[in-house]
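In the two complexes below, subunit A is the common chain; its partner is subunit B in one and subunit C in the other.
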Partner chain A sequence: MWLIVALCAALVAGCQPRDDGTWRFGLASAPLNLDPRFATDASSVRVNALIYERLVEFDAQSMPIPSLGAWDALTPTHYRVTLRTPRDVFHNGEPLTSRDVEATYRFVLDPVNSSPHRGALTIIDKIVAPNDEQVDFFLTAPDPIFPARLTLGIVPARLIASGHRFQNSPLGSGPFKFAERPDENRLRVIRSADNQPVEFITVKDPTVRVLKLLRGEIGMTQNDLQPELVRYLEDQGGIDVIRAPGTNFSYLGFNMQDPVLSRRGVREAIARGIDRNAIIQHMWGGAARRAGALLPPEHWAGTADVPNYDYDPEGARRLLKQAGYGADKPLKLTYKTSSDAFRVRLATIIQDQLKRIGIDIEIQSYDWATFYGDIKAGRFQLFSLSWVGVKSPDIFRYVFHSQSFPPEGANRGRFSDSHADYLIEAAEQGLSLEEQAHYYRLLQFYLSYQLPYVPLWFEDHVYAGRDGFRGYAIAPDGNFSALRDVLWVGKTHAD
Partner chain B sequence: MIGGKTIRVWIPAALCALWVVVAATGSWLPLAPNEIHLDRILLPPSSQGLLGYDDLGRAILDRLALGAQTSFLVAAWVVTLSLLIGTTIGAVSGYVGGWVDHVVVRIIDVLLAFPGILLAIALAGVLGPGIDNVVIALSAVGWVGFARLARAQVLAQRQREHVLAAYALGAPARRILFVHVVPMILAPLIVEGTFAVAGVVIAEAGLSYLGLGVQPPEASWGSMIRDGARYMLVAPHMVLAPGVALMLVVLAVNLLGDQLRDYLDVRTRGEMQSAGA
Partner chain C sequence: MIGFFLTRLFSALLVVFGVTLIVFLLLHLVPGDPVEVMLGEMAQPADREALRHALGLDLPLWQQVLNSFGQLLRFDFGQSLFTKQPIVEMLAERIPATVQLALAGLAVALVLAFPLGILAALNRGSRWDYGAMTFSLLGVSIPNFWMGPLLILFFSVMLGWFPVSGKEGFASLVLPALTLGTALAAILSRMIRATLIEVLGEDYIRTARAKGMSEAVVILRHALRNALLPTITLIGLQLGTLLAGAVITEAVFSWPGLGQLTIDSIHRRDYPVVQACILLISVTYVVVNTLTDLVYGWLDPRIRLAGRAS
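The block that comes next holds the complex of A and B.
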């Protein structure tokens, strides 16, 4: 009997939120790689940005702004980056010099190291560090948006030379230093400014994450919450919820090599058959904004004037009729999606809306690996995905150029259009940002007409935290940089 | 006051009858289980929607009826297939004996040693999602129980006088087996069948919960529970309605199976009749 009582007491005690002064931040997915030279998943990139400093950051228009260093374009193919003063130091006390910058970029550019970031930097011809404060980047061709490519977290040259495993023992110069990673779902860092410990805890299930937040087992979380859960949190006492416009772009993709979907009229019918306003209002609860193009309007190369396709079921039926489809000959299409519940939910709504204009959609949901493999291989008619963290208009070449079919790029719909190629190349060859922006805007107008994608919406960023935390401001790209400035002003030190 | 017989027999019988009737007539009822109303997303039960609406604004009552159809169809198919396959294999094995019996018994032992639902999940995973494949996967593991029972019963029956008499009169083995033996073992197999129905309903819900059952927008109680679990905090009705329906049907089928077993058992039938009198 006493044993049972003791066991219950231990269980209850174990369920209580710990109050050890550590702030706990809930993540939906664990950071996969803590080495900035190799990390690509969103969770790793966001956490690494806290541990490692990079040469540039971005403003609300996705324009690069000086961070670790400021740049000067000495010639169109020669950029000089000067490190800021006072000089940064790594967490082991070593000063950060231009040699570290040079070594980091050289490592990534070396094909032997197979860094996934190499592709974005191949325009670099040569890197030279003339002194400890400056690094010269020589390019193979003029590139006005080159500074936007300087986003690698800088690691110490000495440790690169010794083959240090940053994945196991990250060491940078960022505002947070690595403390420990007891298991793959927990990562502990310490804020250098005040030695405040912060623990990132992976809780995949959003409902469980919300429950942990309400119980105080985690103190903060950001994104990856269903809109209904966000509204639920807003109604709870003791929880602050902050929303901010986001840049994650959701779209409906077409297979342009499909005999049916290669017809523009059919694609426009589908675009006009989807009531995006209703989906945003009811499913998102208003926590998204309609997208007209891949880049948000506030982006330096974006535009708010792209023609959009309003919900027009009558017009959609008319277009389908012109294409030879109607009640006697309904159009049948398959729609591939991942088995993620939210994606299936979205697919079901689109299926229902398109049924009303006479298109029978068969939904095929697969595990992520199968789904993604099919999309890359072109085995689909319709699919839906999102682009996350888009900053550079380089994305247009990657996604829409005819030479970017997978595996060379991400032109998954096999969109091949000589005029689009011309606009992409003209933009890339522009000698100023204004000229590049001009061509990219023309390209977005053209893509809006051709419709290789139906742009759906940009999801809002959502932060939820215990109301004792102050100063959390969501970054435009959804990174966690606000943790640098957060303060706890609650009654006790909350988790 | 509700009597014991009402609880044990009539309420379960009424629930099972309701399940069967809804499943059988669901296609003709004025239901709109797949009709999406975005403006009704997650609305709680009201006079407009008796069980509320799901995350796509679909009426949960209508989807519950559609789920009843799915679970009944799967249960009927799986139990029928399992009964036929299992009884045939078990009866032939028990009657023929020898190496055939050895082989069958070994196969049954291996399959019984492996968790049935795990094997069904693996099979459904290999075959791909879909209700047809759920029936195949569950039947592939469901026949074993019937085969083991049929074999044991046949081993007992084959020494009975009427079977020996038929053998002495020169009746062919097939006639002896299916005319003189199998009818004598049907009662325990039917009782086993009623318990199997409950097991299959749970298994189908489990597979659908894992995404291996019906595909959207079709409904099954398992997939409804899976969808509802994501909204337990904000819309508990989404998980309560299919959860309670599943529990009631399984409970009712099990209670009726118990009653049937007691009725068919000559040792307890007298007690039941005297209690009823």
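The block that comes next holds the complex of A and C.
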């Protein structure tokens, strides 16, 4: 009996949160790929940005700003990037030179390597590194926003040549160096400035992530928390919750080739039938802001003046009546969404709101790949999705140009409009950012009228951490760059 | 016994082959394309085609099936489309965690189920019986995605006894094993109760008692041994399920097991990983069930004889 008691005591004693000085950060999904030349999932991109440095970063207006290098547009098709001094070094001590930049970009541009980032860089015609400090990018056409494309994490040329597996052993020049990855759910890095270890721990279930935070098994987490969990955390002592406006854009998409939804009046009725303020207030707990367009108002090509469709059920019913629908002939539509529980809840709210104006919505939820496959193939009437991490306005071509129907682009609703095409092309041909911004703003006004999407909201970013952590400032795009500056001022690292 | 074994082995191989083929075909029939998932929407069509060719996804389906089976027969599982990690390595990382959790869950289930089932059967209609069956009903009714967080809230957050989640040492195994084991114990205890009640009504039990044997000997040597047969079948089936990966429990407790890998790979349309996982799961099921059949045959000679006669 005493042996059992002793064993239990030992077990319990060994179960206190570890206090080995490591900061633990909870993630909702594991970084899939630690090689920046291939990584595309948000988790990988955010963690890789800590390990690898990039030529540019972005300011609050999503304008590119120099990071590893500053650029000069020598001609509209020739950009020269000069690496900053003092020279950066990789974590193995080797200096980072323009040869490494050249090799990284060449690798991605080589079709043999099947990098997912090649598509955004095909405007590059030639890369030349005339010396160790400078890299010349020659373009096939003028592109005033070209610097915004220089976001690849730079890896050493020598290791590229030797076929090094960065996925297993990442090596960059960023503020954090890779330490170990014991399993897919744990990734340890070390902050170079002060050798502070940080461990990223994947905990998919948001409730469990919150419980882990409360118990001190993780010290920080950001995003992927349901609003009710955020409210719960705000009521708990010892936990700091910070919200910041985000740029992830949620929208309701229409199939513009559908005979019913190709009618603008029906689309406007739906836009007026959705009470976005109520959803933001009650469902999001206020942790979102209404969207009028794909780009947030603070974006350098964004605008706050786009006409918005306020909740107007009477007006919506009137529009539906004009379109020939009413109590005797209700409009029936299908709405596809992913199987994510929160997204399904949102869909049911929209279903209920549209029911009140006389539209019967059938919700169809599928696993992500099936849902995404259906959307790309045009097998839908209504769907909801989000655009995440949008920085460059050239997304408008991919999303709304008539030549961007899948698989050529992401015009999922098959929106085909010659004036929208003209505005997109005029913006792209603008020789200055001001000129481009002008056309992109006109485009957003036009899209607001045509309504190929109903812009819903921009989700806020939410950080939650033990109250001993100081200095965590949420980045507009939700990256983890704040970890460079965060400090622990509490009693122990764990709690 | 050898004939019985060979028959079982042959049908097992057929099942594994059939399952693998069906899964392969279904995966390729459902919407979703790994190339799209890997390259994203902004990739050039030429890049997509190049990658599709490099992965062999542009071949006719029958050729992909043949290639895939050829690789599997050589035990060459290939590598993940996404992480580029050899699949054998991925499985080797996951299998120990899955086996550990499955065996721990089964142990918890057996420790709970036998006393509860026997107690309920011997005290039929009493408070003991109702208590045990109420526990059983709760265990069956409460889903693991609810039970897991409840256990975490009580034992981890309030009492601070065990880690919330993750796989770090023996302590982190306790709550997932309890979550899994409680549900299984509920099913098993009901089965043990029902079969034991039936056996206790048999003539040979009355004879054993009439011979003056102690109640303990009657129960343990005569009644329980005969009541075990259907229970063993159930344990075998459940163990197969547990070894296939307890997806929900693994998700709640961030347990790096086979179930999570399978589900994640299905979502990403990582075909080679899904195929390897399904093959492993079906082999596990078949092996466990074949072993169960063999044990069953060993315990009950009538089954062997019936097999021989037919």
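Definition applied: the second predicted complex is superposed on the first by the 480 of 495 C-alpha atoms of A that agree within 3 Å, B and C clash if a C-alpha of one lies under 4 Å from a C-alpha of the other, contacts with A are read in each partner's own complex, and residues count from 1 in each chain.
Just so we're on the same page, a contact is a pair of C-beta atoms (placed from the backbone, for glycine too) under 8 Å apart; a residue touches a chain by one contact, two chains touch by 3 or more.
Since we're looking at a predicted model, the values are computed, not measured.
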Query - Partner chain in contact with A:G119 - subunit B first, subunit C second, else both or neither - result: second
**Report entry** Partner chain(s) touched by A:D352 [first = subunit B, second = subunit C, both, neither]
**Finding:** first
Report task. Classify the contacts of A:T207 with the two partner chains as first (subunit B alone), second (subunit C alone), both, or neither. Result -> both
Query raised in the report: Of subunit B and subunit C, which one touches more residues of subunit A?
Result: C
Requested in this report: Could you look at A:P307 and tell me whether it touches subunit B, subunit C, both or neither (first, second, both, neither)?
Outcome: neither
Requested in this report: Give one of first, second, both or neither to describe whether A:L32 is in contact with subunit B, with subunit C, with both, or with none.
Outcome: second
Query raised in the report: So, A:G163: does it touch subunit B (first), subunit C (second), both, or neither?
Result: neither
**Report entry** First (subunit B), second (subunit C), both or neither touched by A:G237
**Finding:** neither
Report task. Mind working out whether A:K376 is in touch with subunit B, subunit C, both or neither, as first, second, both or neither? Result -> second
Query raised in the report: What is the shared patch of subunit A, the residues that subunit B and subunit C both contact?
Result: 207, 211
Query raised in the report: For the complex, which residues does subunit B have touching subunit A?
Result: 34-36, 38-39, 41-42, 55-57, 129, 211, 215-217, 227, 229-235
**Report entry** subunit C residues touching subunit A - in the complex, by the definition given at the top
**Finding:** 30-33, 36-48, 50-51, 54, 82-85, 93, 148-149, 152-153, 156-157, 160-167, 169-171, 174, 251-254, 256, 266-269
Report summary line: Listed in rising order, the residues of subunit A that touch subunit B in the complex are 206-207, 210-211, 226, 228-229, 231-232, 278-279, 281-283, 339, 341, 344-345, 347-349, 351-352, 363-365
Report task. Enumerate the contact residues on subunit A facing subunit C in the complex. Result -> 11-12, 14-17, 32-33, 40, 111-112, 114, 116, 118-120, 122, 165, 167-168, 183-186, 201-205, 207-208, 211-212, 214-215, 217, 367-370, 372-374, 376-377, 379, 398, 406-410
